[in-house]
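One chain, chain A, appears in both complexes that follow, with chain B as partner in the first and chain C in the second.
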Partner chain A sequence: MRVLSWVYLAAAYAFVFLPVVVLVAFSFQDGRLPVPPFQGVTLDWYAAVLGDRDLVAALVNSAMVATVSSLVALVLGFLAAHALARVRLPGTMLLRGMLIAPMTVSYLIIALGLLALFNQMGVRLSLWTAGIGHVVINLPLCFAISYAAMGDHQKSAERAARDLGAPEWKVLFLVSAPMLAAPLAAAFFLSVTFSWDEFIIAFLLTRFDVTLPVEIWSMLKSGLSPATNAVGSLVFLVSVTLVVVLEIFVFRRVK
Partner chain B sequence: MGWGLVAPALLWTLAFFVLPFAAMIALSFAHMEGRDVVRGFDPGNYVRIFTDWTMLKALLNSLEITAIVTVISVLLAYPLAAIIAFRVPARWQRLALLLAVLPFWTSYVVRSYSWLLVLGQNGVVNKALLGLGLIAEPLEIASTRVATVIGFVHFFVMLLTLTIYANLIQLSPNYARAAADLGAGRWATFRHVILPLTLPGVMTGAFLTFVLCIGDYITPQILGGNNELTLPQLIMLQLGRSGNFPLASALSVVLMAVVTVAYFACSRWLRLDRV
Partner chain C sequence: MTAGVSIAKVTQRYGTALALDGVSLDIAAGEFVVLLGPSGCGKTTLLNIIGGFAEPSEGRVLIGGRDMTGVAPKNRPTTTVFQDYALFPHMTLAENVAFGLRMRGIGRMAREAKANDMLALVGLGGRGAFRPHELSGGQRQRVALARALAVEPDVLLLDEPLGALDLKLRRAMQDELKDIQRRVGTTFVHVTHDQEEAMAIADRIVVMNGGRIEDEGPPQQVYLRPRTLFSAAFMGEINRIPVKDGVSRLGVLGVPDGCLCIRPEAISERGSLRLGPCRVEETTFFGTYLRARVSPVRAPDLRLVVHLPQRSAPEVGTVLDLGAETHVVLEA
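Coming up: the complex of A and B.
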């Protein structure tokens, strides 16, 4: 039984890591195809990728869309969570349900809906329209995380600040938000990773300037290439670095 | 004061989630004349979806693939989560979990592409099996349903391992101890104590899997190819090649309806606000 557990664990890790190992290994392929046999090690594909203007532009676009849309989602989500956790409003349950609802809807449907709306209103597609879509998918997440983090502990501190004459905006941004710094940071970075990696909304709601997943998608159309492996490996490296940094500096403190 | 703080989030959700959805439903009752969208109240798109075999087949394909993926993923993820929660020493559990979901952090598009390198005609699996002399001809895995399912299962095993682990670790060891004291064997303890207690977590994870899987375009498009279309592939095809936005909208409404039915089917176990 015990041995079987370790065998299962090893098999599971092998399955989970197989595509990643293949991806990274063949990004160094000294040949035109990222499949066996392995023909030697080269860094040419990385050089090619980093010298590709469209790719670098897409990477910058993705970083901007992810940062701005996550900030908007975080501010909106935090304010709403603060209000719903503190003040008894009629229909609180209904409001919570509505703010969470986009979580249960496929991204494809959110994208199509926005496309229908933007078409009808004559809004031109751009990085901004994709960013609006990304706020829609990340707002429920930021709201839920902020809402779950609000406790009685913060409540007394807020009351104390109010008693000492602090106006409401000061209570919010100088007392509540700093006390929730760790969960708010977690919500922000989770949103950033979702937005950074999101494909279908960005694909349908951008036109000329595109984000990184959309650019990678168009690379795939020209067939298998170690260049795609190199891009994938770079994205993986950046994300893992971000996760490790978060794990050390943010999530450790949440507990 | 309360309203003032909720208002921005509420208005955003109304303007960019509820209103677009209404616009999409309205559009689903329009029809095409040549290249022009003619608005009106024409249920023709829905009639077509349920009478045209290509449309119906795509819906069935999506349902079948999603069901298979959800079941396999739960069956694979549960033991993995349990081994990490009960067998791996406490101080290594966080690391074991982080490693188990590490590929999560590769780009979604790239992950499907990586499976293509593994499963393709000249891919790693075929080259290995040919090299070992186990097969004479390369297996046709890429561009089939099997490849789509493997790609999906890979992703959802990671997701479900996380949610199921979070559930298992919250269980007090006293339950298992009490069951053992009352004479229950390992299997009986699992069947009658652990499993019922973790069922809500498993169902929440399974529902998330269902929603994400049935609405995904990338994995079936890259790994399954165009031999057998899923609903999202059909939607994108209507949108792109045919430019038939009304039909794409109607198909999306159907997709949405399927997810809603699934939600109510397992709502008694779901705790979405506590994922």
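Coming up: the complex of A and C.
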């Protein structure tokens, strides 16, 4: 039975990670196609990818969109959570529900809605519009994480700060936010990873400057190549790094 | 540095519930006042109104002669020590204590010096670099006290500050609190439901019940000459004997009509108000005294609690001739 459970564990991990392993392995393929047989190891494709100006530009765009949209989502989500955790109004439940609701709407619907809205308003598509889309999907996440982290302990510390003469913005900046440093960082990094590999919204809401997933998609249109595997591996590497950073600096400290 | 507080006909309603019912109270500058009462009596509501955390439905509060209506907590000459300490966990002790000074725009050097002085005052000198989670409950409460006193408030409000501490530590902190209050001279308004704590620290005890002030005065007066039955019972155990038309169930005692109240420790064989022979039903040793339950021979179904000297050891069934040394008669 012990052996069986180990086999099961191995099978489960293989199921999850085999595609990634294959993707990464064939990014080193010394040949024209990322398919078996494996013809030897080369870093040529990585050189080609990093030498491709469009790809590198897309990479920088993605990093910018992810960082800025996550920061905006975090600030808005935190402020909303702070307000709703304090004030008991008849509409609190409804407000809270409406803030979390976008989580249940598919990205495609959100993207289409924003696209129609931007067309109506005459807003030209750009990285900014994609960034706004990412704020829409990440705000509920940031709100939910911040809201869950707020407790009585924090409420009384804020009360003490006010009692000692702190104006409201200093209460937020010097007491509320620092006390929630770990969950806020978690919300931020999760938002960054979601924005980093989000495709549909970025595809529909960008025009000339695009993010990395959109660029990869346009590469795929011209057929399979180990170069796409190399880009995919780089994207994966960034996501993994973020998760590891999160694990080490945030979640471990919370425990 | 210190100011008096004047509470004028303060009423507080929550919906239809009346938390405070026309409370008036004058507190002198530098006085140590304890608001005492069971939970739900309005004592914490009154403290919140003095601190500005709640606005009264009616009436007003003056601090140092200034009307505090509409003044936010941060602009009041008051600070509060909370029961749950409410320290800032992400700051060092020195930063915690200096927080109020920082909010008042005092320079780093000056506020660090002041924070160290305040920590020394509460017996935590040299621990400025520690963080709250490294301290015990009693030490955290000292930091909270230092933090509240650092801004030199006119009035310090203490909301059951010792409630979370164990009994021994609580008694030790009481002495210290009293000592610190004498040194800084600030007006202290302290809320508690522990009557022993109240007697240990207060210049004046204000007994509250049902949103009203039942009784007030120095500890000795409130304990020995309470104004109401509630106050008498809340301050400690008491024997009640109803008297009507000059006659009680123990016969004619020569006291006015009402409810004759006698503390257990006031009853002895020498007491001048004679209660007559009483049979010992049960005794328990409490260290400083022997607690006995007795029933008067003249009214066998009446039970009296008597504190006898610790060395006395009357057998159950012994008949003692008892009398009360002090007593009060209150309206029933």
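In the analysis below, the second predicted complex is superposed on the first by the 253 of 255 C-alpha atoms of A that agree within 3 Å, B and C clash if a C-alpha of one lies under 4 Å from a C-alpha of the other, contacts with A are read in each partner's own complex, and residues count from 1 in each chain.
Simple rule for what comes next: a contact is a pair of C-beta atoms (placed from the backbone, for glycine too) under 8 Å apart; a residue touches a chain by one contact, two chains touch by 3 or more.
Nothing here was measured: the structure is a model prediction, and the numbers come from that model.
Taken together through their common chain A, the two structures put chain B and chain C side by side without a clash. Contacts of A:R159 after superposition on the shared chain: chain C is touched, whereas chain B is not. By the touch criterion defined above, A:I200 lies against chain B but remains apart from chain C after alignment on the C-alpha atoms of chain A. In the superposition on chain A, A:L76 makes contact with chain B only, not with chain C. Ranking chain B and chain C by residues of chain A touched puts B first. Once the two complexes are laid over each other on the shared chain, residue contacts for A:P226 go to neither chain B nor chain C. Judged by the touch definition given at the top, the superposed model places A:V135 against chain B, while chain C stays out of reach. Using the contact criterion defined above for the overlaid structures, shared-chain residue A:K170 touches chain C, although it does not reach chain B.
In the superposition on chain A, contact of A:P183 is made with neither chain B nor chain C. After the two structures are overlaid on chain A, the closest C-alpha atoms of chain B and chain C sit 13 Å apart. Those residues of chain B lying in contact with chain A across their complex are 1-6, 8-10, 12-13, 16-21, 23-24, 27, 76, 79-80, 83-84, 87-88, 96, 98-103, 105-111, 113-118, 120, 122-124, 127, 154, 157-158, 211-212, 214-218, 222, 232, 235, 239, 245, 248-249, 252, 255-256, 259, 263, 272-275.
The part of chain A that touches chain C in the complex is made up of residues 152-153, 156-157, 159-167, 170, 174-175, 178-179, 181. By the touch rule above, chain C contacts chain A in their complex via residues 51, 53, 72-75, 78-80, 82, 84, 86-90, 99-100, 103-104, 144, 147-148, 151. Those residues of chain A whose C-beta lies close enough to touch chain B in the complex are 2, 5-6, 8-9, 12-13, 15-20, 22-23, 26, 33-37, 75-77, 79-80, 82-84, 86-89, 95-96, 98-110, 112-117, 119-120, 132-133, 135-136, 139, 143-144, 147-148, 168, 193, 197, 199-200, 204, 212-213, 216-217, 220, 224, 228-229, 231-232, 235-236, 239-240, 243, 247.
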